[in-house]
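In what comes next, subunit A is part of two complexes: it sits with subunit B in the first one and with subunit C in the second one.
Moving on to the complex of A and B:
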C-alpha cells in the first residue's frame, strides 16, 4: 500500500516544482505586461483546469506518444518515451496543476503594490533583483496557497495519468489509480485504506492553503 | 386564470404522453464484456427490431469492472462475461439466477503486433527477445483476457522473463488500442478484437489457452424486467443472434 503513496508523492512533488516554476514566471510576466491577445493566452493557460481529464490525456497522447508530434522526435533523438513511465505521470500532473499556480501567482503579483518595485528600480536594482527581493516576497502568501492547491491537484490527478502512464503497479500506479484498480478488482478494503490516506493528505493541504490566504488580513 | 387552467391541463397531457412509453416499453440494461462491444450493439439493434417496444441499453467494460458495479448494486438485467471465473463470482454472490446461465460464444486468444512492425513473433519464446520491450496484456485481477494470457505465459514457463515487459490495460480494447497506436511492441487480445482494428494491427499467431475461451451469459436475480431479459438471452443464443456474432468472428460455444 505504501508504494503508490511514495510514487504519488514523488510525482506530485516534481509536477508542482515544474508547474510552479512555469506558473510563477508566467504569472509575474502576465501581471506586469499588457499586450494584445493577453486574454486569449490567459484562457489557454487556464484550459487544463476546465477541460475533461480524458481530453487532456488524449492531447498528451497525441503529443508525446511514440508516433506523436513531439514524442516521435523525443524517441528518435533522445530515446525518451513518456508513455507508461512515471515521468509521463509527472507531465500529466504538471499540466493539470499549472492553471492553479498560474492563476494564484498572477493574482498575488497583481495585488502587490507596484510602487515598491518602481522604487527599487529607481535605486538601481535590475529586473531579476526586483523579482527576487521585492515582488516575490510580497506575493509569497498567495503563491504559497497556489502551490498547496497545485500539489493537491497533482496528487489527485487520475484521468490523464491513467491514459499516459497506465496502471503499472510499482512503476506508475499512483494512489488515485490504485484506488481505481482496487475497486475494479473488488478489493474494497484496499480501496478504502487508499482513499483515507488521500483524503487526509488533501484536507491537510487545503487547511494549509486557506491559512496562508487568511493570515494576510 | 383561464391560462393557468390551460397550462395545467397541457402539462398533464404532456407528462402522460412522455410517461406512456414507460408503461408498456421494457428496457433492459445489459452489462457485457468489452470484447462484445461491436457485436452486441448489432445484436441489440436486431433484437429491438424483432421485439417492438423493447429496448436494450449496453454497458461495456472489463468483466471484472462490471462485476464490481453489480456488487455495489448497479441496476443491471443481463450480464455477459468473457470468462467463467467472473460469472462464478457473480453466482457465488447470488447476483445471477443460475438456471438462466449458459455459454453463448467461444473466442480465441491471439498475439498481435502493430501493422507497421518489421517482423512478427512466431512463438511465445520470441517475446523474450530484445525487439519486444513492451507487451500489453489485460490487468489479470479484473480483465479476463489478462487472466487467459497469464495462465498461458505461466504454463510456458515464461512468467519470469516477461515480467518486466508487461503494460497492463484496463480492458481488452485498451490493450488493442496500445498495439494499434504502436505504443507497445505486442499485445494479447481476442481474435474478434484484432478484427476490429485490422488495418492497424497484424495477428502474429493464435495462442492456445489453458481453458477454452467461452463466454457465459445470465440474467440477474434483481432484474425487474425478467421477461425482456430472458427474451434477450434467448435471442443471443438463438440462430439470429448466433449469426450476427459469427459475423464478428465469434464461434459457437
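Moving on to the complex of A and C:
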C-alpha cells in the first residue's frame, strides 16, 4: 500500500515543480503583455482542465511516444523513454495540473498593483529585480494556493497517467491507478484503504489552499 | 535646471488625450498646477520614464534623460529621478527599513557600509528610526509620506518628483503636513517638481509655478 503512496507523492511533487515553474512564468508573461491571439493562447493553456484525460493522454502519446514528434527525438539523442515509466506519469500529471497554477499565477500577478513595479523601476531596479523582489513576493499567496491545488490535482491524476505510464505495480502504479486495479481485482479492503489515504491528503491540501487565499496582507 | 518638452497621445477606449507640454524652470522647486485630468501626472510619469511612447525632451541640469531627436530615451531605472507617488506606493511586503534600502541595495549585492550609514542618517533626519521594523500598513499618513520621500531620496536623485503629495490626507492633517513637507524639502536641497491642483500647496512648497490645462501649458 505504501509503494503507490510514495510513488504518487514523488510524481505529484515533481509534476508540481515543473508545472509550477512553467505556470508562474506563463502567468507573469500573460499578465504583463497584450498581444493578438492572446485569448486563444489562454484557452489552449486551460484546455487540459476541460479535455477528457484520455484525450489528453492520447495527445501525449502522439507527442512523446516512441514514434512521436518529441519522443522520437528524446530517445534518439538522450535515450529517454517516457512511455510506461514513472517519468511519463510526471509528464501526464504536470500537464493536467498546469492550468491550475497558470490561472492562479496570472490572476495573482494581475491583482498586484502596477505602481509597485513602477516605483521599483524609478528606484533603479531592472526587470528581473522587479519580478523577484516585487511582483513574485506580492503574488506569492495566490501562487501558493495555485500550487496546492496543482499538487492535489497531480495526486489524483488517473486517465492520462494510465494511458502514458500504464499500470505497472511498483513502477508506474500511482494511488489512483492502484484503486482502480484493486476494485477490478475485487480487493475491496485495499481499495478502501487507498481511497482513505488519498482523500485525507486531498482534504488537507484544499484546506491549505483556502487558508492561503483568505489570508491577506 | 529643468527643460521639458513632452508630446504623447494617450488612447483609452472612451477618450483620446493629447499631451503637448513645454516649460523651463530655474527655481529649486517648481509646481505644476492644474485641475484633475489636465495631464499633470502624465507629465510626471513621462519625466520619470514610465510613459512608453513619450516624445520630446527632458533635460535636468543640462543632462538629457529623453531626447527623441537624438535617439536618447533612458529607461526609468537609469534616469536618477526620484518619484513619490500620490498614495506613496510603499512596498507592502517590506518593512520601513527594507523600503528605504530598496533603491540602494541591488539584487545579489551586499549593502556597503557607507551606504548603510547614509540611509540610517536619512531615516534619522526624517524621524523614522523608531519605525524601521514597521510595515507600511501600520503607519499613519504622515509617516508614510516621510518614508516615501526618504526612499526616493536614498538613491540621491538628480530630480525629485512629487505627485499630489498631500492629497492622500484629510484636511486637518494636510495643513500640518504641508508645513512639515516644506521644511523637509528646504532641508534636502534636491531640485523638485511637484504636481498639485491646490494653490495653497504651490504657495507653501514652490518658488515657481507652471499651469497646465488639457495637456498644454498655459501662461
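The rule is simple: the second predicted complex is superposed on the first by the 216 of 217 C-alpha atoms of A that agree within 3 Å, B and C clash if a C-alpha of one lies under 4 Å from a C-alpha of the other, contacts with A are read in each partner's own complex, and residues count from 1 in each chain.
The rule is short, and it goes like this: contacts are C-beta pairs under 8 Å (C-beta built on N, C-alpha and C of every residue); 3 or more make two chains touch, one makes a residue touch a chain.
Please read these numbers as outputs of a predicted model, since none were measured by experiment.
Novice: So, does A:3 touch the first partner subunit B, the second partner subunit C, both, or neither?
Specialist: neither
Novice: May I ask you to decide whether A:134 touches subunit B, subunit C, both, or neither, giving the answer as first, second, both or neither?
Specialist: The second partner, subunit C, only.
Novice: As a test of reading the superposition: which chain, subunit B or subunit C, is in touch with more residues of subunit A?
Specialist: Comparing subunit B with subunit C, the partner touching more subunit A residues is C.
Novice: Is A:123 touching anything from subunit B or subunit C once the two structures are fitted on A? First, second, both or neither.
Specialist: A:123: touches subunit C, not subunit B.
Novice: After overlaying the two complexes on chain A, where does the subunit B footprint on subunit A coincide with the subunit C footprint?
Specialist: No residue sits in both footprints.
Novice: For subunit C, which residues are in contact with subunit A within the complex?
Specialist: 48-50, 75-79, 81-83, 85, 87, 89, 91-93, 102-103, 106-107, 137, 151-152, 155
Novice: Hey, which residues of subunit A end up touching subunit C in the complex?
Specialist: 113, 115-116, 118-126, 128-129, 132-134, 137-138, 217
Novice: If we count contacts the way the header does, which residues on subunit A are in touch with subunit B in the complex?
Specialist: Going by the criterion above, the answer is residues 61, 65-67, 83-84, 162, 166-168, 181, 183-187.
Novice: Report the residues of subunit B in contact with subunit A in the complex, numbered from low to high.
Specialist: Per the stated touch rule, the residues are 62, 64-65, 67-68, 71, 89, 134, 139, 141-142, 166-170, 181-183.
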